[in-house]
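In the two complexes that follow, chain A is the common piece, with chain B as its partner first and chain C second.
On to the complex of A and B.
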């Protein structure tokens, strides 16, 4: 009995600073594999791209000048941001109610719903995109039903245009939005909603004044994730878009594959990177993510 | 403000208006469920809940007009102190001037004036607690429901908040239904207490009734502390004075709250502070010889474990005064107590 009581004292007697330093060292060891992998396969190539964008038989900013001189590249960048914005908004509109259901149903049912939401990840994105092309084509399943139901006199143009790109990208990115939203919503203490009701708030008032504001960190996180992933999208717009639905990633691929202008491709890549970071910073400032995440904790 | 609340599951309670009523019980006794039924978050399968004589059983929580303070406080983290307290007034569409006045009054009541613009995360646990209280009172509810509101506070702060709660309750004449598993809290704060066990009420009464005249060994043990001595009834008796022969061969007198048969198995309960150690052979009816086995000094009092040989062990609690004699382990002594301080209960499953 006395020996038992003495043990915690012995642990407590160790200087706090030493324990902290040992903890820090242990954390570093745990981070090392991730840091090495990121360094070798992300940071190093990224630096390579930045260097190559200014290296054309001697250092020059020629490639960047070319991007800003030719209007078509700026147009593509603008289109890329526009598409990313539309996809993000639609993901949010579709994903929020779905995440709400996911976060509020019984845990057992929630597990099954989560599996259904994640299921598409198990199939290649190319296969899924081709599946959508079969569904959305002029004589595809969707148009057949629409025409048969008399909702439209002629098949709708759902493929090889912006509609096709947005549908395909929304489908691929929706799980990211839903999972981010649901994880934040599941962290909202149900006592807050009960408190709101006990204070006289109707269901709508409790949702609007308590649940919605508390879920904003999820909205911010999910929207940021979907927006940034959208900016670099390649396969879906390449397969489901029309000739005018070119996104910046497709432009980069063209430069690498066909014109072999690696310096120019690198410059486009660098611009995409900088713009993405800029979007992140603006967004961060706008939403004051730091404050919001703190508030949810 | 007249209010009488009737909560029914296997439970039937009538709570007087403007009184402080406590549901006391161990976890799983149904006290929180009963409170949640009054609040409207749990729907009773049978029975009725009425406030001021009006049946509210079918009403959702937001229509019941009851203030509630949750165990976790549930202060909205994204709203300031002012906005939290204003919340119930805003959903009731109270105009701005009156809203500000009433929020100000509520904050003054809980002594948080000047904290209006702070966010909950900038407040201590006790301060958040008071925000939750102001928010639950600001719309002048008929009844204030509190679910273990002081559970997360440290002992000093808890004692302070107990006093504050009583002061506010008396000031506003509001009916309070309070849930706790802390018997001391229940005794010091309540006008009446319902002791709950296994989803039913074991005893309902004033704190003094529960402590001095418990109706079951469970209440005698859960409210305060008791020595239990098993035995059989010597002669049949009505409620009142009863002679018991204990399994250890002692004879003792106590008060039974129900009629008992001769030979019926019973348990006698006596509180540690009602036992008196003496060194002269006592003349009274209830006394026995023992040896001190253990001494625990607890500041205000000293607790002695007194071995009675075959008759078991008694815990004796003696206030520490300059005049009180200190006893030490191994010392022999006599222990005496008043039959009026001894309660006799029929053994469970053997009540006549």
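On to the complex of A and C.
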């Protein structure tokens, strides 16, 4: 606390190195609660999972061997990554224009729109998923309208297949995409666009060459967030998917709750973690994500 | 399992120590802040038991027919706590057992039993119920049956008027004679409907176990194209039948009955039903073990079981209970003599021993191009 008050004076008086060290110490103190919480409730249990994956009354790689013995688990992980990619792309397609509107309308209207975007979070995910099932079912509201309007001769298969999973997951994850995008877009100075116009750019050119590149950190951040959240989805695919829409979290849950093979469940979880980190590294390189973490938005 | 007496006297003490050590391991500040809370909780802990409940209409019925009468008779408060099987086992492993009494299906109970997480039932000390009245099948060392329920063939009476509906699993498998979307159980519900698949393939009811897994999955191949969804929770199965997403399906009898009683055009075919049992058990290391044993004794009384059956169509395990059950209620119970003769008893032990094998095969089967 006393260091706080002294800092402004100290900067001029002391060598830069000492001030930096003091700053670093102060940051550490500020970060401490977060680090302790992460350590106790994330890192420690995670290590527990890693240990459990090789511990079956003695240390063994049996659980990992079991994963690779048949192709099933890798196939399911592949399906999980595919579904996550599809959901991320659709969230981006739907979310980008929505975020653009949010970022460019009058602030009062923007506030209301933000509340509407966040509103679904106030209800339990199970309730929301069941609501979708009522809407999308063979005799659901959507199909009744489509058939009555003559748009389709027979009810469309919107539920209990991959379409159902993608619709349900997109709905749940869209706010993450929109909020991330909008926060970056709101930071784009409208003066840049006015400058582009004054230099003779059309609206489309100004968007494409000025706004879009500046919004890329939001795209990268939103997509990353949605993709990683998608990988762990369980309730939506279990309720809205068809027989072959199996995601890895469903198998892990089954190993925990049904087969009671916690070592195997831990091995599956660890493999998912490693693959997710690998995907993150590739993505980091591709999107030059360091710009995002430097606060380029 | 081998030393229940020693275990029984130890738990409260052992638990307090492990909790204190845990707190000491955390920061001193945290320990100081929580210690009074812990003490208060332990002081008020006298005169209550914590029972694992599973929600839904069944929970409401047990509260009215068992929990409330128990509290009235003994003054012991019954606290409801939801917990999955995984959570119960995690509690047992960590030694911090927050529950006293478990109410769970046969497979779950056998799992707990195999891990040594269940206390022996103190039949000798029973005062309220007579152990000899309990059905021998569900009277076991460390668990005692509380209800019978069935997985039955449910059908929509608008699609198939009663009398023209499928009367066996072989007919359920006949997609030409009985067209329409169907559902069967997902492994996450507790079991795959392998028994029904084998019955459909011509295996006799009394020759089912040990199940021929490969033959069962081959049989499932033949019906797969008509399966819209494999259900994993009772709520989902009821919703799919009520919404006419499917017109035929395997479903727990109580779930179907609840929707049918609200006016949905649904009915049950009791032939070849899979009769299953659910159990009371006392967790090893329970903080209120003595009261928990007393609760189990109390809950097994025939009159209480009869009252439960009037609220929800699950059958009694005390053989004296049918005396207090009116005929119209008995006609809805899966363990009534008439339906019991048509059904087969599911073998939870087989499922417990083979779940890893079935689990992997089930994933493979789901991912096949159907």
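Just so it is clear, the second predicted complex is superposed on the first by the 264 of 297 C-alpha atoms of A that agree within 3 Å, B and C clash if a C-alpha of one lies under 4 Å from a C-alpha of the other, contacts with A are read in each partner's own complex, and residues count from 1 in each chain.
The rule is short, and it goes like this: a residue touches a chain if its C-beta (ideal position, glycine included) is under 8 Å from a C-beta of that chain, and two chains touch if they have at least 3 such contacts.
Treat the numbers as computed from the prediction; the structure is a model and nothing was measured.
J.: For the overlay on chain A, clash or fit between chain B and chain C?
T.: Overlaying the two complexes on chain A (C-alpha atoms) leaves chain C and chain B fitting together cleanly.
J.: Angle chain B-chain A-chain C between C-alpha centres, in steps of 10 degrees?
T.: 150
J.: For A:61, decide between first (touching chain B), second (touching chain C), both and neither.
T.: Neither: A:61 stays clear of chain B and chain C.
J.: In the overlay, answer first, second, both or neither for which of chain B and chain C A:75 touches.
T.: A:75 contacts chain C only, not chain B.
J.: Who does A:202 touch here: chain B (first), chain C (second), both, or neither?
T.: In the superposed model, A:202 contacts chain B only, not chain C.
J.: What is the contact status of A:251 with respect to chain B (first) and chain C (second): first, second, both, or neither?
T.: second
J.: For A:194, is the partner it touches chain B (first), chain C (second), both, or none of the two (neither)?
T.: first
J.: I'd like to know which partner A:109 touches here: chain B for first, chain C for second, both or neither.
T.: It touches nothing on chain B or chain C.
J.: Name the contact category of A:210: first (chain B only), second (chain C only), both, or neither.
T.: After superposition on chain A, A:210 lies in contact with chain B alone.
J.: Compare chain B and chain C by how many residues of chain A each one touches, and report the one with more.
T.: Counted on chain A, the partner with more touching residues turns out to be C.
J.: Touch check for A:32: first (chain B), second (chain C), both, or neither?
T.: Neither chain B nor chain C is touched by A:32.
J.: Quick one: smallest Cα-Cα gap between chain B and chain C in the superposed arrangement, Å?
T.: Chain B and chain C, overlaid via chain A, are at closest 46 Å apart by C-alpha.
J.: Name the residues of chain A shared by its contacts with chain B and its contacts with chain C.
T.: None.
J.: Quick check: in the complex, which residue numbers of chain A touch chain B?
T.: Chain A residues touching chain B: 189, 191-192, 194-202, 205, 209-210, 213-214, 294-296.
J.: What residues of chain B sit close enough to touch chain A in their complex?
T.: Those in contact with chain A are residues 39-41, 60-62, 65-68, 70-72, 74, 76-78, 87-88, 90-92, 119, 121, 132, 135-136, 139, 145.
J.: Which residues of chain C touch chain A in their complex?
T.: Residue list for chain C touching chain A: 84-86, 89, 111, 115, 181, 187-188, 190, 224, 227-230, 232, 236, 239, 243-245, 355-356, 359-360, 363-364, 366-368, 370.
J.: Spell out the residues on chain A that touch chain C in their complex, using ranges where they run on.
T.: 70, 72-73, 75-76, 79, 130, 133-134, 137-140, 159-160, 238-239, 242-244, 246, 250-251, 253-261
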